[in-house]
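After this come two complexes, each holding chain A, first together with chain B and then together with chain C.
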Partner chain A sequence: MILRLERRLAPASSPRAIFFANAAAIVAALVVGGLLFLPFHVSPLTAYADLVGEAFFTARGFGYTVTEAAPLILVGLGTVFAWRSGFAYLGFQGALLVGAVVSTWLALQIGASLPFALFLPLALALSFAAGGAWSGLVGFARARLGGTEVLVSLMMNYVAALLVQYLVTGPMRADGDLPQSALLPRSTWLPIILDGTRANIGIFVALVAAVIVGLVLRGSVVGYELIVTGLSPRAARFGGIDVSGRTLLSSVVCGGLGALAGPVEVLGNQHRLLDGVGEGLGFVGIVAALLGKLTVVGTVIASVLYGGLTVGGNAMQRHSGLPSSVILVIEALIVLLVLASDLLRSWRIVFVVRQAA
Partner chain B sequence: MTATPLVELRGIYKRFPPDVRANEDVSMAVAPGEILAVLGENGAGKSTLMQILYGVYRRDAGEILVDGVPVEFANPGDAIRHGIGMIHQEFMLVRSFSVAENVAMGTAPLKGEKFDVRAVAADLTALAQKFGLGVDPAAIVEHLPVGVQQRVEILKLLYREARLLILDEPTAVLTPQEVAGLFDVLRALKAAGKSIIIVTHKLREVMDISDRVTVLRDGRNVGTRITAETDEPLLARLMVGRDVLLRADKQPTPRGRSRLSVADLSVAGHDGELRVRGLSLDVHGGEILGVAGVDGNGQSELVEALFGLRPVVSGQVALDGEDVTRLSPAARRTAHMAYLPADRRNVGSVGDLSITDNAVLGAQRTFARFGGRWRDRRAAAAHASALIARFGIRAPGPDFPAGKLSGGNLQKLVLGREVARDPGVLVVEQPTRGLDVGAIETVWAELLAQRAQGRAILLISAELEEILNLADRIAVIFDGRIVGTVAGAGADVAALGLMMAGRPVAQYGAA
Partner chain C sequence: MALPLAPASAADLKVALVLPGSISDGGWNQQAYEGLKKLEAKGGFATKLSENVKQSDIPQVVRGYADDGFDLVIGHGFQFGSLFMEIGGEYPKTKFFGTTFAPKGDVPPNVMFVNTRPYDVAYGMGALAALLSKKGGVGLVGGGDNPTQQNMSKLFKIGAEATVPGLKAYAVVTGDYNDASKGRETALTMIGNGADVITHTADLTGIGAIKGAAEKGVTVMGAFSDQTSLAPTLMATSIVNDNAAIVTMVGDMAKAGTFQGGKEWAPDLAAVWYPKYKDAEYNSAEVSPETWAKFKAIWADLAAGKIDTGKYLK
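Moving on to the complex of A and B:
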């Protein structure tokens, strides 16, 4: 008997098919990842029970999970917005840092003298504007000059990282041994929403942004024009849509969304600016959006699951002594297999029994 | 049949999961020195059957016999070794190579590290002479006209000693003169004992060239006839399964004032070279101006410039006397211009979006509330349902993805959407390319209905039959210029053909 892939005439696109393909991919990743536990004499079942139990079924763990998820959701929303409109932006790490710098600066300058109800909207608005300008530069390069946004946005991540390094070793450096800014005034910290946990209102910022992005993409005429532009620029031009204008708009909004992850991380977690703040979030958020198939709901779910995996992975490591690299392997397996599971929507696996000649 | 057929197919089945039966119990045969036409609408299973014969697809059941002996083809290479060759619609030639190099590639023996191109060229000259092909082996392929490139493909097969040549829709890209030339070549091949299968959906060609014709419908062989003993209406009925009259019922309509006026227009192509060179034309209300010409003579650049999708180098486009040369596509839509693009799948529609979302493309701010900012989905869905009902679009409902519609149904959707906006001027590019007979009837009828309502229609088509049936006046485009304009009624096909090949003919009739 041999396995053969056979092309489906039409890709299976029902919600049920998509759900099963994704679920099968996650289960397969966990099974393959579980094999890595065996050399450590750890039962995969116990380990996974630790993981899930900690991340989703304890208040403390779940608090960490949503805190991890909030910046991922924001970066993921930026990815959804950009990629759905055909703008392959990869500069969210940079946008996040720009938002972190702006909100740190604002908190240190006037944070202590403003009521939080005024400070937070101001910090978010300024971060959004600065991040939007940052990514809008890339959009401008693409829309008016014909540059490729992939390379330019990737390179700008380094510019932002070096900018932060410069600030925390120079103008914004606080007294002390470490290259970091002063601690932000306590009144600017994002309030905790669940007593005894680290869960702060950053998750609400992310969820409100998700609702707005979802409504704009689904319901507004601009959202329709963005999606048509992303699917087919030629059809968009034919339909009277100003393609380069829409590209520019998309580039501004996506960086603005990604930049919101900056204040969420700085005001909610670190409470100061330091080199390496939000390390990697700008890329993991893109992955979360891809796992969520570039839908708003999917991105939120994938971000929470990803956050839970990180939190639960740490717990698993504490309980069973597995190296933390194992959880990174499992995370990578999940990403790979979920993305690969799309193959099963266009192809089916058939078992062929060799006929006697 | 007494003699052994060269190639015979017996009871071929091919099913594409889950539920498309491309070929069901198809049997056919072609004798040595015979020209067999395989006739059928799009989706009738012609291509699948030929791909099976050529070793591209595997059959699910049935037999292939060559010289009466059962054979198995794992790939086209096997088919070629058995003397079966195929010419696809898109030519498989390396454009920057010479004719001889193209033929030598993959076939000729290597001399050291190189092909012995000179020997191949000598063989080709002999072959070309024998069959009256008139091809210079030293010529570079990209400098050759399409009709000659096709001859290179034929030469390639002859060089490989093919005994059966399969030609898939060979006339789609040719002028009438080139078609006549191709048919002369095919007759010469036949006289030399070669067998030919010509796949087509054009009845005229079947009658002109074939000895026998096999008609496919819904994947089945619905009849094989000796061509001399049948006629076009009979074949059409076999092919479609009902009576068809591919004659547009054109009522005389009073010609109105000039609506679209193009003066001395020049437009550049992607490479910056001028594709439209000082072209002028006028379209009046209540008339269809047909622009005839072989593909690639500036038609696409012309219509894109007319709709604002491509910048104009010089000249003017006026709608109802207003200069619109610099307006955006959106502004031209507002000025009551509509456009049916040739590429309905990638320009005229967005396949991943629903019928509803496609039905409002270009009018997204009309089907909206709050000053055109928020989408009015209910109004859009109602509009889509109205289009579905009015044009008989076969779809499960307005939420169905437009990309899954058949070509004909998608074209009905795009055309319906454009005419629903009540345009004064309608620019229509290749409106029936690749459509089956039923859909062609619908599209033609709708264009004539729009004409009867006084709309000015500019029809760009490479199908001469379409232009002859619909146009009130015919302008022939060649190399970016209109080489002549003739009255549609009683137009002389031979003269049109000469103009399409770039030879201006003394103008006759009203222009």
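Moving on to the complex of A and C:
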């Protein structure tokens, strides 16, 4: 008996097929990853029970999971918005940092004297605007001058990281302390939504943003024009769509969304600006959007799963003493196999039994 | 009738070590891990480890161990200072030890920090460098930009210039622990300005400084571990920092009930820092016995607190 791949007549695109392909990919990743546990004399079953149990079935763990997920959702939404409209933006880490700087500055300047109900919308609006201007620069360059936004946006991440480094070692540094800003006033911290956990209202910010992005992309003329622009700029131009205007809009909104992850991380988690804040979130968020197949709902689900993987991975390391690299390998396997699982939607595996002659 | 003692099997003290880096970094994190292994080998300790914990995940990991009922959680680095201050009160049954200075404010009674006396050490390094200098110039290449490094630089200069009046001491906080070429350039600049003894307080940056100085043929001094192999003939000595000893001592204190919660613990200088060159204290080809005796006298005064480095930092 041999295995063979056979092309399907039409790609299986029913929700059921998508669910099973993804589930199969995750299970396969866990099975392969489980082999890595054996040299450490750890049972994969107990370890995975720790992972899933802590991340999703304890109040404390789930609180951390949604806290981890919130910035990923926001960066993921930015990715969906940009990539669906054909703008391959990779500068979310930089946008996040810009949002973090702006909201830290606001909190330190006037945060203590403003009621939170006023402060939060102001902080989010300012971060969105600053992040939008940051990424809009890249969009402007692409729309007016042509060239590739991929490299420019990637390089802008370094500019933002060095800017933060400059600020926390220079003008924003707390006296006589490590290179970091002063602690933000307590009244500006995102309130906890579940007693006894660290879950804060950052997740609501992310979910509201998800609803708005979903409505704009699926239910508005602008959203339609953006998606057509992404699918085929030439067809869009032929249809009378202002392609470079839409690209510019997309570039501004995607950076704005990514920048919202900054206040969520700074006001919700760190409570101060420091070098290395939100490390890697701007890239993991892109991965979450890809895992969610660039859909809003998929991105939210993938972000929560990814957040759970981080939290559960930490629990697994605490309980079983596995090296952290094993957990990173499993995370990477899940990402690779889920992305590869698309194959199963246009191809099927068939078992061929050889007939005796 | 004997008094009831603690139950034998449950007497194992549950100790967790949380590391910001990798257990194979050859320095700060690896040494603490070796200390944890020594505790485990002693018997009476059940240990767990989390390595490579990102700053944003630290609260989650530390609270996880506390919720799991660990007796002692050791956070190895400055990253744990404000966190332990914040959460200590929530977990009165768990002891927390941070390998860092106590932050400002009241330390909770179950939280202990440590003054490993880096400023005394920096003063001593300055004194030894000054004693070894023939041309009247010495240099220290520092690491990341933080108050500890800045104060160490300051005390290196004070120690050197107080030991040999008229000598010129250079100290630069490079802002980076892991940039060997930056360390090398800094050392070469110091040598160009007349320094003929180079040492450091940085990890990889410091290794670059030692290698650069060795190319120029000047005397070098290692730091944190025995760095003789970097420049076997030019190395005078290395001032070794024994982080493993800190971890084992804290474990023993928690077990014996002498854990000094609410305080900044100050261990004996000799228990955590000592000079080392291969199997000896110093390289007799670079250092004369008379010079070494002078240094040891200063070192002893530092250990006994007769030289008060604290007064320079106020």
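Details
Keep this in mind: the second predicted complex is superposed on the first by the 350 of 357 C-alpha atoms of A that agree within 3 Å, B and C clash if a C-alpha of one lies under 4 Å from a C-alpha of the other, contacts with A are read in each partner's own complex, and residues count from 1 in each chain.
The rule we apply is simple: contacts are C-beta pairs under 8 Å (C-beta built on N, C-alpha and C of every residue); 3 or more make two chains touch, one makes a residue touch a chain.
In this text, all values refer to a predicted model and were calculated from it rather than measured experimentally.
Three-chain overlay on chain A, with chain B and chain C fitting side by side and no clash. Using CA centres, the angle subtended at chain A by chain B and chain C is 140 degrees, rounded to a multiple of 10. Here chain B and chain C are compared by how many residues of chain A each touches, and C touches more.
Touch criterion met: A:Asn269 reaches chain C, while chain B stays clear of it.
Contact with chain C, but none with chain B, is seen for A:Leu178 once the two complexes are overlaid on the shared chain. In the superposed pair of complexes, A:Gly245 makes contact with neither chain B nor chain C.
In the superposition on chain A, A:Pro191 contacts neither chain B nor chain C.
When the two complexes are overlaid on their common chain A, residue A:Pro121 makes contact with neither chain B nor chain C. For the pair chain B and chain C, the minimum alpha-carbon spacing after aligning on chain A is 40 Å. Chain A residues in contact with chain B (one complex) as well as with chain C (other complex) do not exist.
Residues of chain A that touch chain B in their complex: 6, 8-10, 219-225, 227-228, 231-232, 234-235, 237-242, 348.
On chain A, the positions that touch chain C within their shared complex are 54, 60, 64, 169, 176-179, 183, 198, 265, 269-270, 274, 276-280, 310-311, 314-315, 317-319, 321, 323-325. Residue ranges of chain C in contact with chain A, taken from their complex: 16, 23, 48-57, 59-61, 63-65, 67-68, 78, 82, 144-147, 175.
Taken together, the chain B residues at the contact with chain A in this complex read 16-20, 307, 309, 328-331, 333, 339, 341, 343, 346-353, 357, 360-362, 364-365, 368, 372-375, 404.
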